[in-house]
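The two complexes that follow have chain A in common; it is paired with chain B in the first and with chain C in the second.
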Partner chain A sequence: MTRVFAMTLTILRKDLLVEWRARAQAVALLGFAAVVLLLFSFAVGPDSTMLAKHAGGYLWLALLLASTLLLGRSLQTEVETDALEALLLAPVPPAALFYGKALANAGLLVMVALVAVPVDLAITGAGIVENPVLLALIVVLGAAGIAAPGTFYAALTARIDGRQLLLPLLLFPLVVPALLASVKATSLVMTGDPMEQLPGWIALLVCFDAIYWSLCGLLFEKVVDG
Partner chain B sequence: MPIPPASAAAEEASAPGAGPPVEGAVAERAVVVQARGLSRRFGRRWALARLDLTVHAGERLLVVGANGSGKSTLLTLLSTLLAPTEGQLSLFGLDPVRDRARVRARIGMVRHAHGLYEDLSARDNLVVRARLLGRPVDVAGLLATVGLDDRVEPLRSYSAGMRKRLQLACVRLEMPDLVLLDEPFSALDPAGCADVAALVGELPGTVLIASHQVDRAAAICTRAILLDGGQLRWSGPADQAWRAWKAVQAQGAAR
Partner chain C sequence: MKSPLAIVGLIFVVLGMLATAAGHWIGLFVAPPEAMMGDVGRILYVHVPTAWAALIFFMVAFVAAIGSLWSGWRGFDAATTGAVEVGTVLTFLLLIQGSIWARPTWNTWWTWDPRLTTSAVLAAAFGVVLLMRRLIDQPAKRQMATAVATIIAFVDVPVVYFSVKWWASLHQQASTRASMDSVMGLPLGVAALGMLVMGTGLMLLRTKVELVRLAHEADAPELPPTAAPLRLDDPAGGDPTLDEAT
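Moving on to the complex of A and B:
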């Protein structure tokens, strides 16, 4: 268990180092999320009430779309150069490989959210969030809910032609429950929670995260080293 | 699709004009690779059929054959990254499926693709590998050994020879008991080939080299096997591999 944990941290550090060295792509990802949010505002029009009401939904759709680019890239570089095989021969336990990569992807998605949230608030006019810590918690939980199944499906589709299309096709239906919980929780934080529904949505998000992270971790070996 | 007949699949098979096998000289050493009836099928095609092979500790075995003869499939099977369709394989006396992690910890491999990170420098790539090993490694010394100690730019700007040297540095870092080299001289100019040959010659342990550059590889190997259509056609001294290959090709042309 200690070895798996140590290897997980090594993979996490390695992925973050690779992203840092290729930071131009990460910057482009931030720009992509901001552009998607701008497009939503153009599509809805100048109805400020409508924009503010659905600010949470726009934020998570932008993050979900950005995640498909991020997730596809995270495994593709390793498959193209056979670095994945080199890691397996190292030998890195597949579970450590999964958790390291999923943590890195979740972290990068949170980083995208750091830019997307202020842009979302500014564009939709949702105003100042009264409880930023709670919003940060929801962003972390929601990013984790996308990153775990996303990393799993990115590995599954990495060697397939048309993976850019397949990844969102497989991922989007699976993350609907986590996405729904994230959108509802974010909206409640942004617009107020008079009925005190927030704890229920956060608990639901935690449950989905637990299911995704445990199941995908168990099955990852079959995908990369079957 | 049945496996092709085993008539030519014995390890001791030899082609006309080739010398005798050199099994006896290493028979007393520990067995590193033991394959019996090793076969691998992709779809309906048998990439490797009923291969019997024994490799002893310290041996340097050259694997030759035309494109599609099964060289890379054999090395990938020995690396445990691929499972055999049929047959038995033992590495270091261990079952590569049941003891996968223990076996892999003793194997180093250089594949067609370099297995490195394009956005990282040579040093960063070696540091990542060293961290995975979990033990202190003299990264600077290794880089100096392969002549890359002054390179700080990302790998994407390296030449094929530099990438190959870095791959060999990774293998040296891991200090494996069994080194599998798949086309180590591919895409290299003569000077690059000489550099890589010198580095391969210094590798400790058991080394298997699959290469089309028979003369170059034979100079650093003790024994050779020849694969043809996924079957073992000849086994003998490495310096006779080229003659054996030509003889097998002539036989094929005559048929």
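Moving on to the complex of A and C:
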């Protein structure tokens, strides 16, 4: 158990290091999220009340779209250099490989959010969030909800020809509950929560994360063996 | 048509169609119109059986997928495909029927009701599983991917349902035989049984087709190895005649 944990941290460190050395790509991802947010505003028009009302929705759609780019190349280095087999022979337990990569992806997604949230708040005119800690919690839970099934499906589609199309197609219907909960919770933090609905949505996010972080970790062995 | 699976499947389809037709005949001509909705309410006899059957086939697919993943037996893979395909078709039918019913009843083709939205998400999630199967060439990998994606999509069903239920709600309470008069319960029961039997027959036939396909694929001769990629930096790895030319 401690070995799996140590290996998870090693994989996480490796993936973050690879991202750091190719940081131009990470910066491009931040730019992508910002541009998507800008495009949503163009699609809705300069109606500031409407924009502020839907600020949470735009933020999560931008993060979800950015995540498909991020996840798509999450295993690309390993697959292109046949390093996946080497990692498994090392031997890295498949669960450690999954959790290391999923944590790295969740972390990178949170990093994208660090840029996307201020941009979103600024261009939609939603203003200053009174409770940034709560918003940070929702961002972390939501990013984790996208990263676990996302990393899993990225591994599943890594060697398939139509993976650029297949990954979002598999991921989007699956993360509907996480997306709904994240959008609702974010909107409630931004616009106020008179009905006290926030704990319910956060609980839903926690449940979604718990289900998919455990289920995907359990099934990952079959995916990398196949 | 010598295979017992195909014969049983065909018998099930015919029996199921007869039962469904009988259920609809009672539902359309014998049973009274629904108290609130009038004749429009008669879509119940096709809509509710479709919903029940779709969910049952996804459940069958889930069980078959677990078997397929842990035993690796080809029959489970074929059964998963058959069940997912029948379930997906039924879910699409469900969405179309729902829209036809919602228009006169709710005065809209689409609402963000939990059951309706869950059905749409399910149709997408399981439809993609079938699409993915087409894109994978290696049988073992395809079997694994189908099973894994089916399991994950099925686990999502209750989570999607509850999340959407919180998010917005308009659909009427689920109709069961207990919530209606026995005059309406009979056609519903017969139609539901018919739909289930017909679906089972279609699933068996589809499973047979998949088994034949998988067997042909396993028997097919190996493809000749592809030519070594041309390496300009390494003369030994490329085509020697080409190197002389340059």
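By definition in this document, the second predicted complex is superposed on the first by the 225 of 226 C-alpha atoms of A that agree within 3 Å, B and C clash if a C-alpha of one lies under 4 Å from a C-alpha of the other, contacts with A are read in each partner's own complex, and residues count from 1 in each chain.
Just so we're on the same page, contacts are C-beta pairs under 8 Å (C-beta built on N, C-alpha and C of every residue); 3 or more make two chains touch, one makes a residue touch a chain.
Predicted, not measured: the structure shown is a model, and the values here were computed from it.
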State whether A:Lys14 touches chain B only (first), chain C only (second), both chains, or neither.
-> first
Which partner does A:Leu89 reach: the first (chain B), the second (chain C), both, or neither?
-> first
Once the structures are superposed on A, label A:Lys222 by its partner contacts, choosing first (chain B), second (chain C), both or neither.
-> second
On chain A, which partner's contacts cover more residues, chain B's or chain C's?
-> C
Which partner does A:Pro149 contact after superposing on A: first (chain B), second (chain C), both, neither?
-> second
Chain B/chain C common contact set on chain A = 225
Enumerate the contact residues on chain C facing chain A in the complex.
-> 69, 121-122, 124-125, 128, 131-132, 135-136, 140-141, 144-145, 147-149, 151-153, 155-156, 159-160, 162-164, 166-167
In the complex, go through chain A and note every residue touching chain C.
-> 149, 152, 156-157, 159-162, 166, 169-170, 172-174, 176-177, 180-181, 184, 200-201, 204, 207-208, 211-212, 215-216, 219, 222-223, 225-226
Chain A residues within the chain B interface of the complex = 3, 6-7, 10, 13-14, 17-18, 21-22, 77, 80-83, 85-93, 225
What residues on chain B touch chain A, complex-wise?
-> 79-81, 100-101, 104-105, 107-109, 111-120, 124, 128-129, 131-134, 154, 170, 174
